[in-house]
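This is the structure, below, for whatever I ask next.
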Amino acid sequence: MQRALALGMVVAIGVLLVFTVSTNLLPFGSFPSRQIGENFDNSIGQQILENAPQQTGAANVVTSVVWGYRGYDTLGEATVLFTAVVGVVMIFRAFGRRE
Amino acid sequence: MILEVLIIIFCACLICALRAALGPTAPDRVVAIDALVVLMISALVLLGVYYRAPIYLDVALVYAFLAFLGTLAIAKYLEGRGIET
Amino acid sequence: MAGMTVIVRTIARLLFPFTFLFGAYIVLHGHLTPGGGFPGGVIIAASVVMLLLAYGIERAQKRMGLLQAEVLESIGGVAIVVLGLFGLLLGAFFLQNVFPLGDLGQLFSAGNLPLLYLGVGIKVTAGIILIFYAMLFAFREEKE
Amino acid sequence: MIPHAPILAILLPLFAAFLMPVVGILARRRGIKRAREWFAIAAVLAELVIVASMLPAVVGGQVLVYQLGGWQPPWGINLAIDGLNLLVALIVVGISALVAIYSFVYMERDTGLDQYYTLFLLILAGMMGVTLTGDIFNLYVFFEIMCISSYALVAFRRNWQSIEASIKYMIVSSLGTSFILLSVALLFGQVGSLNIGDLMQKFGGVVPSTLIVPLGLFMTGFGIKIAMVPLHMWQPDAYQAAPSAVAALFSGATTTVGIYAMVRVVYMLFGILGVGMILAGLGLVSMVLGAFMALVQRDLKRLLAYSGICQLGYILLGIGLGTTLGIQGGLFHLFNNAIYKTMLFMIAGTIIYQVGTSNMDKLGGLWNNMPVTAMAFMIGALAISGVPPMNGFASKWTIYVAGIEEGQYVFTIIALVVSALTLAYFLKAFNSIFLGQRPKHLKNVKETPISMLIPILLLAALCLVFGVLPHLGIELVRPAQEAVMNSGGYISAVLGGV
Amino acid sequence: MLWGNEAIPMAKGSLFVAFICLWLAWIALTGSLNPQELGVGAIVAAFVAVISYKLLFHGGMREKFEPKRWGYALAYVPAYIWAELKAHASVIYRILHPRMPIKPGIVRVPTKLRSDFGITGLANAITMTPGTLSVEVNEEEPSLYVHWINVEAVEPEQTSRQIAWPFERFLRRIFR
Amino acid sequence: MSLDLLIQNAMLVFLFVLCLIAIELKDLLYSVIVLAGASITLAVVFFMLQAPDIAITQAAVGAGVTTVLFVIAISRTRRKE
Amino acid sequence: MIEIIAYILLGIGAFCAIVGSIGIVRFPDVYNRIHANTVVVVGGAIVMLLGASVLEGLSSYTLKILIIAFFIFLTNPVSAHAIARAAHKSGVKLWRRSVVDKLEEEKP
Amino acid sequence: MDLNYIFAMLLVALGIYCLLLKRNLIKIIIGLAVLTDGIHLFLISIGYRLGGTAPIVSGEMFSDLPGFAAHAVDPVPQALVLTSIVINICILALALSLAIYAYRHYGTLDPSKIRRLKE
């Protein structure tokens, strides 16, 4: 019974998601005019593409997003890795607790 | 021409995946996935040539270096002596 | 005899420096070609894992021990924060790019981005190796 | 205000966490005792100073915007601090400081304190990041830091309960964070922006109905984190299995941050879609179910966990009502809930520390052994059930009045009944722990150590202060309430310029 | 046999040779002769060489540069390609034939090679020619156990001549 | 539909099928092996979507870390589901 | 001229790849399948890489593709050997019509 | 035909299915990996431009930056996915360690059985 309920939920979520992405998004491959609203060709990505080589001096624009425009995210990412490492080391720390 | 070769590679991948799905034992599947990985490496290289950008080839190089790690780990597990020795 | 057969050991021995070099290449060219700190660090860590699989954990630990990895990870994290603080001290904001930008496409370009990638590379290398060591050391004393 | 205070508030715990393994190694080499504890406490207190220094500017109605790396908001990430952010940040830092002082003695019997304090500082950094950021993907990243460190902290003791609870928590919560990521992706695909202020401006009062799926996913994701009722199953196990200091931190700070994220993203971003009533309804369900489940518990920590679900219901009800009074009451209750829930978990921790169990069947008659603790528990119990001279009464009364003003009599009556139920099960708990027959082996139980008693008494005093002078509390949450009601200032501050 | 084997004295030149090899690899990877790239490459290659030169080479450096060995190495390439072609033709025939005329089995192939690189080179060459696959190595009395898709002989001398000889006659002069 | 897109969509179907196989197989080791194949297929799809950065990260992670981690976990626990 | 050579190499590679993968499906046991795998690797992938490297003449592609081919050539036999050894040690039997199994007889 | 979006969402649904219905911890973790893979695929597909090039200046594009900007795909989702992949790996590592530890103490990987041991 529980399994049937879960299966139904999964199917419902899947149908909902597929319906959403196939109707509400612009067609695949139409990047610069993605925004709701009037300013087409003015999306964030397009402006970054135009300005990044001069502003950051990196040939790889993804890099200039990763450590330039969104560098703080990447700091968070490094912290996530640190957290996971500390967690794993904590779980497998030496046996024999002092009680 | 490159794209047609890619389609043939894709068909070969499909056939390999058939063995990966059927294979009665673990080594069978590992062999099939190994062949698939190598075929995908050549597909990556051909795509890099098709897009005319030599820097794309780094991706294929990564797989050329690291593809055998997983196989090695599985082989060590199947030998039954533990991974760490 | 620990580890795999002589074939695996020889090839791992041969491949280790080149994999390490390739990882360093990926890290240092992150601002010019695809790649960056994380994949490069993972590749360097994978080169150590390769030795680990071929020779066993004791010999891999001679290359990089547990304590070294822990300290290196801290150093990587501190390096990133300190580089960010440079931007705060010399410029106006945290993580601001205050170093000279250089010419587009050269190795010495893009200000502090390659340095940040270097910090991430060190951190990721140490972190992944530490995860592997921790998981492999677990419950060893139970077995013996 | 300390210059660069917003970013320093996040960087300080982060930096301290990065340094903590080195400090641990050095302390072990040199034989310095308690180096890690002092280091962590110093870091948290410095953090408290930094956050408090932002108070005057924000109370004056200013929205502090900090652009990271000097990039303009829609392209780069910014930190934006209005009244709501600052209220939550203050709660988080205050609770963390008290928990750090509390765990000085409480955790001394455990091994792996290096990792404990590192994870403690990391969860603090994650909570501050979620609280202060103005970017929705960045919120996800720091939320993930918070979640990962909390999985690890739940499993800290590594007994069978905690491993099981941690696995359960992790599976459920990973689903939640994946939902958050998916809905960030959908939002980015449909609207093309990640900045919260920019998104608010793009919607401009007309949220397209095609965004209903991201909304639902956001609600599910944050709802899992704050243990809203259909998604609450992980919470009692996790709170029971975690060390009490960690449970106090979770119930006081982490839940607050989750509610903040819910309010900021779901309520303020999608508010026009009529989310308020859905939130209020869910709050009502949480309230009733939490109260009834708490009635039958025999374990003090599980009881507290269920009562936390119950109190969450009040907060959601207050905010969901959407009127000035309702939001005021909800936020005030958020503040009060953090205070007394942390205190109650700390008391449960002291009982475990001194006696070794939190099962109420095995306890009894501890009044003579630990009178101060008993008094503090009494204050907390009265506060949580909304008895007049305590702070819980003030906030609950505000919510009732807001409900009656809005015409939602049913909501108010149910809330009143649940309040009575809360009093009932807390009196039962008090009775079976501190009064009644004392088992023989509990004869030599001592009073709580002084360093654990300080945070408890501080929180008890706060309960009394805000109960006697409720307008103080209302004044405290007024900037936050204004920030929730009026998002125009936020938008113009974020997008207006440097 | 293991790395860092202290029994074999390290020649002074091995660090330098490792450095040159790694630097060449760096130049091949970057594909440019920009002085910045060369400088950074030298630093990185020196670092990697210092931490890993004991892994790369054993023994003295002088004998590694005898021109005779390199001549044999060059002559090995066409012979190897010829062996590959023959093996491919045979295995493709076996795959495509409707009745699959295979006669598989594992045979023992003794070898006279002694060094690590020699055994490894032989085993890899055997594996990389379709139709033969080295399954196990016996390190005490060097011999390979080879899975052969079409067993023609079982006796060690004959198998050695049929499977290993085309490669071994070059490899024993290249690697000793 | 151009040939380029056709190959890409075929790869997507292939990826989905591999993931399905990986989830439905009863032996965990088999699942992990097939998941490695799915990982490289995903890398190729990223590559065809002009994201070599992501492809390289996925390649490094899928080839170097994930498989070995899973195999370690399986060797420490049980293989059959 | 160069292009024709390249296309011939690519064609041979594609043919070998598809034949090898058919072999992986058709052959009866693991060890024989590894032979087919070798056909895929050497005859298929490496020949195709050589074809791709001559396709553009001598340019910056060539060196890198040759490096890729070299490392595939170095690592793939190792994994084939390791997996064959593991299969034999973990008790995967040879095909029932196999002629001889010296390893089983002279087990060290 | 937005096959990319649809298949990404199918992967997500497959992951959720595995997460909710499978009775094995490691299988659940595999499902988590599949789920995040689907989200990554979706994010990358959002930023695609038909006939575009990668957002990396190389070769002859150094002299033609406006042309590069008119042809490259969106770099922002790629940066997001880069972050997300790292997070995914971290959760994977932590989850696998917990699963190993749980197996050592319970002798089972079935989460429902672990729960039943308690009562």
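First chain written, first letter: the chains are A, B, C, D, E, F, G and H, and each begins at residue 1.
What we mean here is this: a contact is a pair of C-beta atoms (placed from the backbone, for glycine too) under 8 Å apart; a residue touches a chain by one contact, two chains touch by 3 or more.
Bear in mind the structure is a predicted one, so any value in this text is a computation, not a measurement.
Comparing each chain's Cα centroid with the centroid of every protein Cα atom identifies chain H as the most central.
Of the two chain pairs examined here, C-G and E-G, the one linked by more C-beta pairs in contact is E-G.
Computed from the mean C-alpha positions, the centre of chain D lies at a distance of 58 Å from the centre of chain G. Here the CA centre of chain D is 39 Å from the CA centre of chain F.
Between chain B and chain H, the centres computed from C-alpha atoms are 20 Å apart. If you average the Cα atoms of chain A and of chain G, the two centres end up 38 Å apart. Chain contacts: chain G has residues 20, 22, 34, 36, 41, 60, 64, 67, 71, 74-78, 80-82, 84-85 touching two or more partner chains. Under the contact definition stated at the top, the residues of chain C that touch 2 or more other chains are 4-5, 7-8, 11, 14-15, 18, 22, 26, 32-36, 38-39, 43, 46, 49, 53, 70, 73, 77, 81, 84, 94-95, 97, 104-105, 131, 134-139. Annotation for chain B: residues touching 2 or more other chains are 13, 30, 51, 54-56, 58-59, 61-62, 65-67, 69, 72-77, 82-83. Across the complex, chain A is touched by residues 1-6, 8-10, 12-13, 16-17, 20-21, 42, 45-50, 52, 55-58, 62, 65-66, 68-69, 72-80, 82-83, 86-87, 89-91, 93-94, 97-98, 101 of chain H. Those residues of chain C lying in contact with chain A across their complex are 30-34, 36, 38, 70, 73, 76-77, 80-81, 84, 94-95, 97, 101-105, 109-113, 116-117, 120, 123-124, 127, 130-131, 134-135, 137-138, 141.
Those residues of chain E that touch chain C in the shared complex are 1-4, 18, 22, 25-26, 29-30, 34, 36-37, 40, 44-45, 47-49, 51-53, 55-56, 116-117, 119-120, 123-124, 134, 136-137, 139. Of all residues in chain A, only 3, 6-7, 9-11, 13-14, 17-18, 20-22, 25, 27-32, 34, 43-46, 48-50, 52-54, 59-62, 64-66, 69-70, 73-74, 76-77, 80-81, 83-85, 87-88, 91-92 touch chain H in the complex they form.
Residues 1-2, 5, 8-9, 11-13, 15-16, 18-19, 25, 27-28, 30-32, 34-35, 38-39, 41-42, 45-46, 48-49, 54, 57, 60-61, 64-65, 67-68, 71-72, 74-80 of chain B touch chain G in their complex.
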